[in-house]
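Here come two complexes built around chain A, the first alongside chain B, the second alongside chain C.
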Partner chain A sequence: MPKFEKMAYASSDEMIFGTAKNPVKYGRDFTVGGGYVFPELVPHPRPGTEATKKTLVKEYEKMVTDVLDRCVAIGIPGIQIELEHVYQMTRNPDWGGEIAAETKRLQEEYYRKFGLKSAIRATIADYRKPDEEDIRNSVALENMLKTFETSAAGGADNLSIESVGGKEISDYTIVRQDIRGTLFGIGVLGSRDMEFMWKKVVEIANKYGATPGGDTNCAQANVAMFMAGGYQDRSVPHTFAALTRAIAAARTLVAYEQGAKGPTKDCGYEDVIIKAITGNPISMEGKTCACAHSDLLGNLVAACCDLWSNEAVEYHDMFGGTTVAVFTEILGYDVALMNTAIEMGHAKILKELMVQSDKYRDTHGFILCPENAYEIGKAIVSNNTSYYARARAAAIKAGELMLGDSNLQMSAFEKESLQSAMRTLESLPDKEEDFISECADIYKKLIPGFTLANYGL
Partner chain B sequence: MATVANYANIFVRYDLISSGEAKGAKVSSKDAALQKVLQCVLEGDSDNIEAAVNEALASKDPMTVINEGLIKGMNEVSRLWDEGVYYLPQAIVASDAMLKGLEICEKKLGKSLEKKGTVITHTAEGDIHDLGQKIVNALLRANGFEVVDLGKDVPVDEVVAAVKKYNPVMLTGTALMTTTMTAFERISNRLTKDGYATPFVCGGGAVSLEYVTGYNLGIYGKDASQAPGMASDAVNGLSWSQLREKWNS
Partner chain C sequence: MSRIGIALDLGTSGFRGQALDLENKEIIATVLTARHPLPGANVMDHLNFAIELGLEIAHSIVIETVNQVIDYLQVPVNNIERLAVCGNPIQLSLFEGIEIRDLAYAGERKKKLMGIVPPNRDAKKLTAADIDGLKLPKKASVFIPAAVKHEIGADALAMMVKSNLLDCEEIALVTDYGTNAEMALKVGNRIITGSCAAGPALEGQHIEFGMLAAPGAVHDIEPEIVGFRCFVLSDEMMSVPGDLVDLTAPTVIEKGRARIAGITGTGVISIIHESKAANLIKLPEIKTPDKRLHLGKEVCFTEHDIVEAGKAIGAIRAGFITLAQEAGIELSDIKTAYMAGASGTYVNAVKALQVGLVPPGVQKIYQVGNTSLALARDIVFDPDKLWELQSLAQQLRTNHCMFGESQVFERAYLLELSLWGEGMPWEQYHRFSKMYKLPELIEPTKNPEVIRLYERDIPDLGYRGVSYIDRVGYTSKVTFPGCTGCGTCIEKCPEKALAFPDNNDISILIRPDRCNGTACKRCEVNCPEKIFKFSLISFLPETPISEQNNQAKT
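Let's look at the complex of A and B:
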C-alpha cells in the first residue's frame, strides 16, 4: 500500500543537483547527495565476451581499470561504477558475484594508491516472463535473488534492478495508445510487483550490509519514450509517452516505500519526482547517454541529479582512448562544472540554465522540469489511497500541466492524443478494485498468458 | 532570474513544420455497408467491426467485403502511416480491427484466405524484450502473411528446428542487447551448414547493420515497418544476398 503522504521538499526551488535530504554513504568514502555530484559510469561488454565467465570477468577487469585510470589521469575526485548485468551475469549468479568482487578489488587498489573515492552499483537483470510463468515462484526469480546475494557478498554497495512487472500489459497497450491499459500495467500491476520484489531486495541488502538502491521503469516508460523518439518519429505520441512517465513515478516510488534508499537507478527519468517526494539522492542521465539512446532533455534532466550517468557504453577503442575512459572524462567534466557552480554559489543559476535549455523542447522535459515534477509529486502524495489512485492522479496532473502552458507547443495530432487520453483518464472508476475488475476482463481476453495471480490478485 | 526571450536560438521545433494540416483518408465506398467496414479499419475500431462486417455480409459476398472493405481500408492506413499522418498505434489498432473482420469473412467463406507466405519470428535466447517482434507480427499479419511466432528467449536449437519444419520465406530475429544478439550468428551458421538459405532479418535495440551483415543470411532490419516489404521481396524470389543489397546498401 502507498506510504508517502507528503513531499520531502517545501518547493521545487529547494531541489538542486548534488544535495539530497537523505544522503547515502557507502563504498570507499563515497557520499551521494551530500553536497556534490559524482559521475556514474556504466560499462557494457563487447558481444562475444559473454560466452564464458572467464572472458566476461576479464572484460570487466579491463573496462573498470580504464575507468579508474582516466579518473586519476584527469583528477576526478570520485566515481560510482554500475555493473548493469547482461543476462548471463544474472543467469549464472557466481558470474555476477565474481565481477563485483573484481571491481571492488580494483577500486580498493585505486583508493589505497590515490585516495580515489568509489562505489559499485550492481543492477540485476530481471528476466522473468510475466506472460509465461509464475513470476513469484520461478527459476528466473530464484537466480535473480541468488545474484543479488552473490553481488552483495562480492562487494556491490548498491543493489538495484529494472523490474518488469506489468510489462506484458504495457507492451500491448503502449503501441495501441491505450492509456487505460498502460495505467493498469504500470500503475497497478507494476506497483504490486515492485512491492513483492523490493521486500526481498531490501532483506538481502540488509543481510549483507549493502544499500538497497533503486528501480526504474525502463521496461515501460522508457519504452514509450524511446518509441516516441525524436521530432520526426511517428511511433508513439510524445504526449502519450509523457503521461506514461508520470504514471511510472507512482510505480517507482514503491521501491522507496519498501526501504530502498537510493541513489536511484540512472535510467529512471521519473526520479526527479521521486527526489521531490522522498528526498533520496538520484542518479540521472541525459546528453551523456547519447551513446546508448537519444532523448530530448539532455541538459534539463541534470538539474537535480546527485550522480550523473552515461546509461551504458559498449567497450571499444576511440581516438581518445577506450569508450569507457572517454565517457568517464565527459561525465567527469560535466560534474566538475556542476561542482564549480556549487563552490562559487551559482548552483541555482546553472540549474536554471539546464532547465531553460529543454523545458519547452518536448513534453517529457516539460513534465520533468523541477517545478512540474514537484506538482506531479504532490498529486501522487495527495491521492495515496491506492496505487491506482495515485498513478491516475499523476497522469491527470501531467496532462493538465501540458495543456495549461501555452509555451509548450504541440502538433494538432499530439494535442488530440493528449486530450483523448485525458478524457479516458477522467472517465475511469474511482475505486481501485473496480478498475482492476474492469481491466482484468478486458486484458485477459486480449493478452495470452496474462494472469492476475502473478500480482497477488 | 532572467528569462528566455527567444528559444529559436536554443532549439527548433522541426516537428511543427507542416504539422497543422489535417490530411484525412482519401478512400471511401459508395456502398453504405462497406463504408462502415472501411471506417472501422481506418479508425481501428475493433469494438464495432464485427457488426459492420456482418451487416456487409448480409448483402455482399465475403471476398467483396475483404477486398473492398478490409484490405482497401488497411491499404489506406498504410498510406497514411507512410506519409506521417498516422502514427504506429493507428496502424496497429487498424490491423487489429482488420484481422478481426477477416476472421468473420473467412468463417463465412468456409476457408482461410491463401497467405502470401510463412514468416517465422522470434526474440533471441536470453532476451525477454519482444515488443519489436510483436509489432513485426502485427504488421506481417495485416499484410497477408502467415506468422509462426516462436516467442521470446528462444534457444538456437528451437529456431533452427522451426525453420526446418516450416521452410519459411523469411526468418526474423529481435534482440535488445548486444550480448544476446550473438545467438543470431549461431543460428545463421547452423542453417548455412545444413544447406538453408532462408533470409534472416535481424533488428532491435543495439543490433547494428555492421553486425548483421557480418554473417551469412543476415539482413539488417532497421525498423519493424520494413518487415512486410522484405517478406514480399522474399516471396517474389529475392535471395538473402539480394535482399541485403536492396535494403542494406
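Let's look at the complex of A and C:
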C-alpha cells in the first residue's frame, strides 16, 4: 500500500543538484546528496567477454582500472561505479560477487594511494519472464536474490535493480498507445511487484550492511520514451511517453516505501519526482548518456541530480583512451562545473539554465522540469488511497500540465493523442478493485501467459 | 422441362445470370462469376482493351463467358426461348458487338474526325442468331433495354425504376455501388445522372486479402469489450459470428463458428469505419505495431488497402458532391439515399454513411438489391416491359454529368485522394473545398432510418440455388520469339495472371480474367529482352470454354 503522504520539499525551488534532504553515506568516504555532485560511471563489457567468469572478471578489472586512473589523472575527487549486470553475472551468483569484490579491491587501492573517494552500485538483472513463469517462485528469482547477497558480500555498497513487473502488459499496450493498459501494467502490476521484490532486497541489504539503492522503470517508461524517439518519429506519441513517465513515478516510489534509500537508479528519468517526494538523493543521466541512447532533455535532467551518470558505455578504444576513461572525464568535468557553481553561490542560476535549455524541447523534459515534477509528486501523495489511484492522478496531472502551458508546442498528432488518452483516463473507474477486474478480463484475453497470480491477485 | 428464359446482368466486376421458368414464373437457378472476363479492372480498361485489341475479340470473350454462365445454369439449352440483358452501355455494346468508340471519346469533333457514328442504343428485340457466338437456339429472342441517352445506360434506368426513386418526393440520390458506380440525383422532376470508375475495392478486389462474397468472407466487424468480432459467410452463405480477433496482432482471442478466408468490399468498409472509431486508422496510416490490421493469424488489412478503398469511396463521394453542385443544392438537402448493387445491399448502411459512401445529411437509407438483374428478369417474364421502359426513358428529363469533363469532380476527387492517400488533414480538406466553392461536406447523420428491402442482393436465387464460376473465361497461350524463359513477367504480374505451362515449353499462359489489362502492362514493361508485346497476345480461345477444364464450385 502507498505510504508517502507528503512532499519532502516545500517547493521545487528548494530542489537543487548536489543536495538531498536525506544524504546517503557509504563506500570509501563517499557521500551522495551531501552538498556536491559526483559522477557515476557505468562500464559495459565487450560482447564475448561474458563467455566465462575468468574473461568477464578480467574485463571488469581493466575497465574499473581505466576509470579510476582517469579520475586520478584529471583530479576528480570521487566516483561511483555501477556494475550493471549482464545476464551471466546474475545467472551465476558467484560471478556477480567476484566482480564486486574485484572492483572493491581496486577502489580501496586507489583510495589508499590517492584518496580517491568511491562506491559501488550493483544492479542485478531482472530476467524473470512474467508471461512464462511464476515470478514469485522461479529459478530466476532465486538466482537474483542469491546474486544480491553475493554482490553485497563482495563489496557492493548500493543494491539496485531494474524490475520488470507488468512488462508483459506494457509491451503490448505502449506500442498500441493504450493508456489504460499502460496504467495497469506499470501503475498497478509494476507497483505490486516492486512491493514484493523490494521487501526482499531491503532485507538482504540490511543483512550485509549495504544500502538498498533504487529501482527504475527502464523496462517500461524508457521503452515508451525511446520509441517516441526524436522529432521525426511518430511510432509512439511523445505526449503518450510523457504520461507513461508520470505513471512510472508512482510505481518507482514503491522501492522507497519499502526501505530503499537511494541514490536512485540512473536511468529512472522519473527520479526528479521521487526526490521531490522522498528527499532521497538521485542519480540521473542526460547528454552524457548519448553513448547509450538519445533523449530530449540532456541538460534539464541534471537540474536536481546528486550523481551524474552515463547510463552504459561499451568498452572500446577511442583516440582519447578507452571509452570508460573518456566518459569518466566528461562526467568529471560536468560535475566540476556544477560543484563550482555550488561553491560560488551560482547553483540556482546554473539549475535555471539547465532547465530553460530543454523545458520546451519536448514533453518529457516539460513534465520533468522541477516545478512540474513537483506538481506531479503532489498529485501522487494526495491520491495515496491505492497504487492505481496515485498512478492515474500522476498521469492526469501530467496531461493537464501539458495542455495548460501554451509555450509547449505540440503537433495536432501529439495533441490528439494526449486528448484521447486524457478522455480514457478520466473515464476509468475510481476504485482500484474495479479497475483491476476490468483490466484482468481484457488483458487475460489479449496477452497469452498473463496471470494475476504473479502479482498476488 | 418447360420454356425457359435467361436474365443476365453484365456488371463491371462480374456477370450474374438466372434461369427462369417462363410457365411457372419462378426462378430456377443463379450463377455468379468471380470476375469480369476481360482484362482490366474497370470499364475504361475494358473499353481500352476492346479498342486496342479489337471489338471482335472483346465481344467474343464476353459471349464465351455468357455461354459459360448459361452452361453453369444447367438447363436444356433447346428450351431457352428468351434472354434479356442489363448493364451499362459499354457492357451491352460489347455483348451486342456494336460500335463502342463513341463511348470512349467524349469530344464531338474527335468522334467526327475518326468517323465514329454512334449506334442506335434504343430498346431492341433481336434473335440469338444476331449475336455472334451465342449458343442459344437461333430463334430465341434477345432483349436489350434502351439507354436513356446514349451515356445513361439501362443499368441506370434499372436503378431508377427498381428503387422507386422516380416516386420519391424528397431530394434523393440512388447509387449502384460497383466497380463502375452509377448514380442519379432527383431534385423535383429533374434527374441528373453520373457514373464514376470507383475501381474494384468495394467488390473486394485489389485488396490484399479481398474476395467476393463467398464462404469464409468477412463482411462486417463489430467491437466487443475485448477485440473485434468478425462476421463471416458460412458455407450456406449465411452471416455467422466468426473469430474474435485482436486487430493489432495476428492472434485469435476466441474461435468463432466459421473460418476466415478473406475480406469482402463490405468488410473493407466496416474495417475502415471501426478502426477509425478505435483510433487504429489515422489516414493514411494504420496505427498498429506492424502497420496492419489483423483478422486472425492469416488475413490482414494493409495501408495499401486503405488507399485502394479510398480511391473507391473518394470517387463516389466526389460523384455526389459533383451532382449536388450541378443541381445547385447542398449535400444537406439530400434526405433520402437508395443503395443498389451487391455492395449496396450487404453493407452496413450506417457504417457506409460514416465512411462517406452515402450523402452525409440523409435521414432515410433504402437498400434495394441488384436492380440490374431484377430489370432483366422483369423483361424476360414480360417482354412488353421493354417497350414500357423505352417510353419511360424518353419521358425522363435527365441530364448526364460527365465526371471526366467536370472540373468540380476533378477538384473534389483530388481532395479525396489527398485525404485518403496523402494524409491531408480534414481542416485543409474543408478549406480547399470552401475555396473551390464545393457543396459543404457536413458531419454524417448519426441515426438515419435504414430500410432494407431484401435480405440478399438477389432476393431469390431459385430453387436450385446459386453456383459460382471461379475461373472465368479461358487461359490463352502466347510464345514470343527470343523469350529466354526468365520468368520476370510472371514475377512482376500483380494479379498472378501469368504462368509457365506444365511442359517445359517456353511460352506463357495468361488468364485474361485476372489480367489488369492495358492500364497495367507490367509484363511488357519489365521484360528484360523487350520481346513481350501485350498486343501480340491472342485472347481468342483455341478451344471453347465449355470444353476447357473449368474449376467451379456449387
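The definition used in the following text is that the second predicted complex is superposed on the first by the 457 of 457 C-alpha atoms of A that agree within 3 Å, B and C clash if a C-alpha of one lies under 4 Å from a C-alpha of the other, contacts with A are read in each partner's own complex, and residues count from 1 in each chain.
One rule holds in what follows: contacts are C-beta pairs under 8 Å (C-beta built on N, C-alpha and C of every residue); 3 or more make two chains touch, one makes a residue touch a chain.
Everything numeric in this text was worked out from a predicted model, so none of it was measured.
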So, on chain A, is it clash or fit between chain B and chain C? clash
Let me test your reading of the model: by the given contact rule, A:T52 touches which partner, first (chain B), second (chain C), both or neither? neither
Of the two partner chains, chain B (first) and chain C (second), which one does A:I442 touch, if any: first, second, both, or neither? second
Between chain B (first) and chain C (second), which does A:Q409 come into contact with in this model arrangement: first, second, both, or neither? first
Of the two partners chain B and chain C, indicate the one touching more residues belonging to chain A. B
For A:Q419, decide between first (touching chain B), second (touching chain C), both and neither. neither
Quick check on the superposed pair: does A:S294 touch chain B, chain C, both, or neither? Answer first, second, both or neither. neither
Taking the superposition on A as described, I'd like to know which of chain B and chain C A:E352 touches: first, second, both or neither. first
Given the touch rule stated above, what does A:S11 touch, chain B (first), chain C (second), both, or neither? neither
Quick check on the superposed pair: does A:Q232 touch chain B, chain C, both, or neither? Answer first, second, both or neither. first
Report for A:Q177: first if it touches chain B alone, second if chain C alone, otherwise both or neither. both
Across the two complexes, what residues of chain A are contacted by chain B and by chain C? 172, 175-177, 412-413
Chain A - residues contacting chain C, complex: 172, 175-177, 412-413, 420, 441-442, 445-446, 448
List of chain A residues in touch with chain B within their complex: 44-51, 86-88, 91, 127-129, 132, 164, 171-172, 174-177, 223, 227, 231-232, 234-237, 314, 349, 352, 356-358, 360-361, 409, 411-413
As the complex stands, chain B meets chain A at residues 1, 3-4, 7, 10-11, 13-16, 19-20, 22, 81, 84, 86-90, 92-93, 96, 126-128, 130-131, 134-135, 151-153, 177-182, 206, 211
Which chain C residues qualify as touching chain A in the complex? 225-227, 246, 248-249, 251, 253-254, 279, 282, 287-289, 425
